[in-house]
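The chains carry the letters A, B and C, assigned in the order they are written, with residues numbered from 1 in each.
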Amino acid sequence: MLQPSDRAPGLLLGEGVELPGDAQVGAYVVVHAGTVLGAGCTLQDHAVVGKPPALGPRSTASREPPPPARIGEGATVAAGAIVNAGADIGEGAVVGDQAQVRERSRVGARAVVGRGSQVDNDVVVGAGCRIQSGCYVTAYSVLEDDVFLGPGVFTYNDNTMARHEPDYQIVGPTIRRAARVGGAVRILPGIEIGEEAFVATGAVVTRDVPARTVVMGIPARKVGDVSDEELIEKWS
Amino acid sequence: MLQPSDRAPGLLLGEGVELPGDAQVGAYVVVHAGTVLGAGCTLQDHAVVGKPPALGPRSTASREPPPPARIGEGATVAAGAIVNAGADIGEGAVVGDQAQVRERSRVGARAVVGRGSQVDNDVVVGAGCRIQSGCYVTAYSVLEDDVFLGPGVFTYNDNTMARHEPDYQIVGPTIRRAARVGGAVRILPGIEIGEEAFVATGAVVTRDVPARTVVMGIPARKVGDVSDEELIEKWS
Amino acid sequence: MLQPSDRAPGLLLGEGVELPGDAQVGAYVVVHAGTVLGAGCTLQDHAVVGKPPALGPRSTASREPPPPARIGEGATVAAGAIVNAGADIGEGAVVGDQAQVRERSRVGARAVVGRGSQVDNDVVVGAGCRIQSGCYVTAYSVLEDDVFLGPGVFTYNDNTMARHEPDYQIVGPTIRRAARVGGAVRILPGIEIGEEAFVATGAVVTRDVPARTVVMGIPARKVGDVSDEELIEKWS
């Protein structure tokens, strides 16, 4: 059962939750049973951590109860954001206002999940990734370290739209280290975007993008290469 | 006036609301006056049910106070989701995390409104529909049973962008039984998408799509037919 | 510190906040220190006003603590909406359900920020603007009076995707008086859209659009002119 705590107005803590002495907690925050909270974490107003998933009757997500959530040291769950049970938020990472990270997904250290964005179930988001506002990272996606997604990027994992055999393997995109994906780009199921690639705003990516390649358009086609001067080493 | 209930932490119930004995209720849930809650319903943390609309000064939505909301047996209103007064959520349906269903809209039995999606006012969503994450179903749309909308589908209802006579009839799309609409598809006002049609990811639909037709592109053009093997009867 | 108020269930008011006698306040509303609330304002369930930003480690937004928020007379902050510290919401304006307005942004009188939309930091939204559902108005955008953005419009401000010198000036679009921008349109950094221009649904705007010009497509190209009969003077 959730129990009130006097550490913040309206704070409710589930069984076994220990609130670090230096945690910063807003109003009406709900932390479900078993959640592990790192030192110096911030939970803003109306944040919900460790909630069970609400699966549709034909969702492909696992129905096994996920383990507790973990919020890393110095990480932030911003106002109105939801971190499901079974999610793991890395050190210093930020789950933005009104965003959500679902069960069994991992957000790496110092990564940002932008305002209103969703990291769906069973996703890996690498360290230092920057997911801007309004993105949808579909189930079973992999983002390696330092990937940048501009505002409104959407990714997909099922070309059949739910008409497939039970053993059909839905597969999200894989986006390699330090790739940059522009705003409103849509990435089809199973696509791989190479290291340090650059996908221009508004593109629809229907084929793999090799490393350090610049693509644009619908469907996305190669228009150039990423120069040495643009590599992430110069900018971080 | 909203009154506290000891059935769940921070639960507030409006006048005349009866909470079924087997309802599952999270924290800080608000249920407004007159709402009818079905047996076995689930209301997750911070869900709001039966709230009055917040209309802009020139909104075309009716200003008549809507009737109470109804949540069907076994339906779920997930965390941070909002169901307006006058909405009707069918048996076993799911209104996903941070999603919204507006006044005078009806969501059919076992349908799912995905995370963060909006069903605007005066919409019909048929039984078994699956609206994935981040969709916008515009006012006066009709979705027949078993329609699938991929993540990020947006629909429209007013080609004039609000410059029209008061009696101008804004009209959303009609999507027929078991049609599949891919991710990030945009559907223009008044368009009809036929039964068992298939619209590929990223298309912009500017003309009606006949039944069992496969379309893709911007604007969407026919590229094939849906085979007997793909029909929903095989998969449900 | 936030203090409970008996004016509404679960209402919390920060230091120095005075709630007008005729304010309409829902449940679990949080108003942070110093916020100025206008007469006749409406704050719906779970609204948060005046919260501090949650910046990512490499966000370009200013780290100086913003001033308090201001909510104008008769303005509405709808259910689950967030207005950051340093935002200014004009008289009679509506911040829709689950929407957000960030620090140092100004929303003009009678403007509407649609459900789930985000007005990012340092934006100017003119009087009478109508931002529909699911839009993203990027940092440093300027919308003059009476601009219309259809559902799902996204705007951009950084062509480098965060690889630039510290003194690089990121710049959002400027949208002139009474321009109409259709649903799902994407507007690239620094673009100017002229007075009374019309951008058709789904366009990607890569070049400036002159006043009273109709553009469509990807990239957007001129296809006509806005007639005298369509000008906003006829319709407001």
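Following the convention adopted for this analysis, contacts are C-beta pairs under 8 Å (C-beta built on N, C-alpha and C of every residue); 3 or more make two chains touch, one makes a residue touch a chain.
On a predicted model such as this, the values are computed, not experimentally measured, just so you know.
Considering the contact criterion stated above, the chains in touch with chain A and with chain B alike are C. Because chain B and chain C carry the same sequence, their contact can be compared by residue number, and under half of the numbers here are used by both.
Least-squares overlay of CA atoms from chain A onto chain C yields a rotation of 120° to the nearest 5. Computed from the mean C-alpha positions, the centre of chain B lies at a distance of 24 Å from the centre of chain C. Counting partner chains per residue, chain A has residues 10, 28, 46, 80, 98, 116, 134, 218 touching two or more of them. The touching residues of chain A, counted against chain C in their complex, run 9-10, 26-28, 42, 44-46, 76, 78-80, 92, 94, 96-98, 110, 112, 115-116, 130, 133-134, 148, 150-152, 180-184, 198, 201-202, 218, 230, 232, 234-235. Against chain C, in their complex, chain B makes its touches with residues 2, 4, 10, 12, 28, 30, 46, 48, 51, 54-59, 80, 82, 98, 100, 116, 118, 120, 134, 136, 138, 154, 156, 161-164, 186, 188, 204, 218.
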